[in-house]
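Some structures to go through are shown next.
Look at the two complexes coming up: chain A is in both, with chain B in one and chain C in the other.
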Partner chain A sequence: MSDLTPPAAPLQEARYAGRFLFWAGIGLLVLWVLVPIWFLFINALSAPSEVTSFPKRFWPSFDMASLQFFWNFQGVTNALWNSVKVAVLTMILSIGMGAPAGYALSRFDFPGKEFFRVLVIMTRAFPLPLLALPLAVMFIRTGLDDTILGLALVHAMLALPFAVLITYSLFSGIPVELEEAAWTLGCTRLQAFIKVVLPLALPGIMASAVFAFVISWNEVFAAAVLTIENRTLTAFLLQSLNVSPLPLKFAGGAALVMPALIFIFAVRKYLFAMWGIANR
Partner chain B sequence: MPRALPYLLLMPASLFLLVFFFYPFGLVMVESMTRGGEWTTENFTRMTGHWKFSTAFWNTVWLAAIVVPVQLIMALTMASVVQKLQTGRSSLLYIFAIPLGISDLAAGLIWLAIFEQSGFLNSILHAFGIIDRPQLFLGYQSLWVIFLAVCLAEIWRATAIMMVIIVAGMGLIPKEYNEAAEVFGATRWQRFTRVTLPLLRPSLQTALILRILMAFEVFAVVVALGGTTLPVLMGETFQWQFQLQDRGVAAAYAMVILGLSVAFSLVVLRLLHVPKGARV
Partner chain C sequence: MAEIVIKGVAKSFGAFTALHSVDLTIADQEFMVLLGASGCGKTTLLRIIAGLETPSQGEVWIGGRRVDHLPPRARGIAMVFQNYAVFPHLTVFENIAFGLRMAKLPQADVTRRVMRTAELMHIEQLLKRYSGELSGGQRQRVAVARALAMEPDVILMDEPLSNLDALLRLEMRAELKGVLAESKTTTIYVTHDQVEAMSLADRISVMNGGYIVQADRPTEVYRNPAARFVGSFIGNPPMNFLPARKGNNGRWHVAGQDFDGPKAQAAEFAIRPEDLHPAPIGLRAEVRVVEPLGPHTLVTAQVAGQPFRAILESDNQIKPGEEITLAPIPDRIRWFDPETHKAIT
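Entry: the complex of A and B
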């Protein structure tokens, strides 16, 4: 018996070392994601003079002067408000058009179904922000240039394929039998949808709406191409990059990051279900 | 009525795709090949004749070539690590997924906070006594540092999207396959390369296509970190559209990006082809 113990000890040690490496690796990955964001927030929460000074401290002084400077800067509040308006419109447009399509794909078998599905998936192989170039011309002709609606239409195009595929998988996850039961009890198709399917699908639909919001909120290229007077926050920051002082850039960056962080946190439960199934 | 219903439901989304996807892409194609109403290749010769074209082209391609493989490996590592965890799984996933919600412009600003002259990299180097005075990292004399900073920012920002798709894909693989392989004495590495990876092909396909496309569309990160010092295709498109007011050449650039995207999507589809019957 006693000669069996020695080989066990190194094995145990190797296991401990393996565990240690595993957790150290996790720690490194977590730091890799979080530390850069931390740096941005140090800058945003320090006074402008500290932002440009050297060497930097690794803890913010919680001086709101940078944020105040950003907030009072010409055009910032307008840009923020425009960003919100475009994102909300994008959300409504993409879900409003995407959810019915997703429902049709999940509940009916009809000629052309596969064609439509492939079409939607195919849009992924195209660099969609480039659509802003031809649409800029089209919008000038129709009077949509430099409007909130014009930009929201382009952003809705970015978000629509996701909205269709995500709602398709959401509705597929709700048994048809529930709907059929409602029909036999005298509900019309619409009533059955509103009273049975919608309550079950609503959280998921909200999650995909939030996703559409974030897509629009973060988009830079189309926003910069299509807006001149009515700039969104991303377009404003991009256009003023080479003239704006550092504190303004970092405060602006933080203002861009904050809502996105909150929204991703709000939909974290759906993140994987949405991406995993919707992307097959 | 019931037979028409699915088509009615699909109608808004289809019409939208037609007007805001097919029509504008047709327009941009025509625009790239015409000048003043006549068919010509002048846009393309002007584009390739400009000294910035080949630099922008190769910068974009090299960025993708370096960033995407690194991200694939990191995303696979993150996903496997998360898969092994029993506790803290969801909070770790949330942390890893955070950059998913962050705009490319914000990511550029975050890494600007690190690489600028009074930034955190200089401060860290100073704290360790490696340098006395802050170094200028993002100047035109050291293009490779800008390139490196863009690579890091891109890796930091867009690994999350691949990770999420891969985690969702791993969740779909039945545990029995891995268990069977373990019974037959496969090591952990063998199980990963012989069981998990092949079964993960559909997810890898999606992740790679999405990511490669995003890599060709790289724009705001580069502008935030290097201005126009480091030309990339999307940035040049923007320049020709705005600064040089030449929509024809901008359209030609768009066609180059489009061509690259479609070509590489096809390559990925071909390389990771999964026969229909072999899907999990």
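Entry: the complex of A and C
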């Protein structure tokens, strides 16, 4: 080895290598997400005969036959409608419970606050399959099984941690002084919340609601276990997976992914906010 | 009619005591300034009066009514916050009208009062804007206008000028003084800027470490500090202090000079820098730094090993390294107890 090599050179090299790894990593992650979505849409928007063909075209042929077939398939519209009902109910339940919790976390100091925050996230660590059997038994006893409300309750439990965290960061971003100013100007606590906090937090609350909608929309396990007659779209597709033709699967997949993608894209700013990452 | 009486108000945050039993009476229509270093409890006291903080102990009376159990909206106060707290989702007009609408005033009255206060604060042309479209100074005017429009008995202000640049601060200071005198409200104004305090106040309450050390007229606070802290906090540069020793003749030895003083056992000598002048006999001072300031010259010296400052006429020829003698004006000399740091009179 030469002693004359300036120490900067290996450092530079390491930096370039680091850069390369960084961008390669990003590229892989992007492909990881985009390739399946691309496949899904290519196949959904192509003629049924093209689905099994290879090589794939980059742009779909925009043949609506698959989608039409999907739409006219027995039970699809019903399942779609169920999905919407459950998702909307989930949205209402999780915001109705999550927003007050988020507000309390951001505005009040109470013993066990940090523990509560961790607990909220921990509910997501609890595996749903473990819960499924006792839950199903309980639902059957209370008559909640195979109902929209029962499934929405389970979905709300899944969406709640996110609703709490997003609204917590939202409310924390609204200066307390604005509320205090409202109190000194004649508002009660509730009036100040309605007149000052709510208008400022509304876009974020909507975003968090949309996120809850998407969580419910995409959820398949609880939906499959807890419903029989009133299947949601995910559960319906799962059930008919091995009896339905390939084009139907792709069209159904696209129908599932599409709203979720659009919604998530619309509210991405608030999802970043949940983790305290400034996105400016 | 809104006299404010604070009786034995104390506030602790956990183990930390932010306010120790504060007693203070503020007369109707008085302009009271709370002055003190950062963290001394000014904001805490103001928030307790406003009802945004509950005192751990004590009573707050406004206009003959005990209010410490009442919510802010029932106290007849309006507050101007340090960061203005102008509602970002409302126009300037709606900001000023906010409290009036809460009070369910008829629309005609709301408009009239908003227009009048806006005119008073010179923001008539901004009424349609949102807070994001305003400068700091304009936001500050909106915050004051919003408080004034309520026509409250008491206005509380927490460092309302601290976010403005020096020139604007000067301008707003004069304007505020005029507007508030006109409005006949009782005002409590928090600041850590002593010039602001001096120029605005009817009375100044000097706070230190959760205590009110002195509450008096500005000149009184300046000339006759009730405690060593007041002398060392107010004045730029602050008061000079020198140790004193009691002589056999009943007079006090200070840096080799004899002065008439109090009959106490021990005392500390104090004099303001501008109350000194060069004279044939006086305190021997070794000059360190000479700073000509225009109208006068600031001389930093050492007397008996202590730092010592004097503000002298600017036509003198003093140079660093010289030794001069500085004579204090006899009736401006103050004495403090070295144990309690209280003034000895």
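Note that in this section the second predicted complex is superposed on the first by the 222 of 280 C-alpha atoms of A that agree within 3 Å, B and C clash if a C-alpha of one lies under 4 Å from a C-alpha of the other, contacts with A are read in each partner's own complex, and residues count from 1 in each chain.
Keep in mind that, in the parts below, a residue touches a chain if its C-beta (ideal position, glycine included) is under 8 Å from a C-beta of that chain, and two chains touch if they have at least 3 such contacts.
Here the structure is a predicted model, which means the values were calculated and not measured.
Student: Using the superposition on chain A described above, determine whether A:256 touches chain B (first), chain C (second), both, or neither.
Tutor: In the superposition, A:256 touches chain B alone.
Student: Mind working out whether A:156 is in touch with chain B, chain C, both or neither, as first, second, both or neither?
Tutor: First partner only, chain B.
Student: Tell me which partner A:177 touches in the superposition: chain B (first), chain C (second), both or neither.
Tutor: A:177 contacts chain C only, not chain B.
Student: Figure out whether A:141 sits in contact with chain B (first) or chain C (second), or with both, or with neither.
Tutor: It touches nothing on chain B or chain C.
Student: See if chain A has more residues touched by chain B or by chain C, and give me that chain.
Tutor: Per-residue touch count on chain A favours B.
Student: Tell me, which parts of chain A touch chain B in their complex?
Tutor: That would be residues 22, 25-26, 29-30, 32-34, 36-37, 39-40, 42-43, 51-56, 58, 96-98, 100-101, 103-105, 107-108, 110, 112-113, 116, 119-120, 123-127, 129-131, 133-138, 153-154, 156-157, 160, 164, 189, 214, 217-221, 224-225, 234, 237-238, 241-242, 246, 249-250, 252-253, 256-257, 260-261, 263-265, 268, 271-273, 275-277, 279-280 of chain A.
Student: For a test of understanding, state which residues of chain B touch chain A in their complex under the given definition.
Tutor: The contact residues of chain B facing chain A are 3, 5-7, 9-10, 12-14, 16-17, 20-21, 23-25, 27-28, 31, 77-78, 81, 84, 90, 92-106, 109-114, 116-120, 122-123, 126-127, 134, 156, 161, 164-165, 167-169, 171-172, 202-203, 206, 209-210, 213, 216-217, 219-220, 223-224, 227, 234, 237-238, 241-242, 247, 250-251, 254, 257-258, 261-262, 265.
Student: Within the complex, which stretch of chain C touches chain A?
Tutor: 50-52, 71-73, 77-79, 81, 83, 85, 87-89, 98-99, 102-103, 146, 150
Student: Touching chain C in the complex: which residues of chain A?
Tutor: Listed in rising order, the residues of chain A that touch chain C are 175, 177-178, 180-188, 191, 195-196, 199-200.
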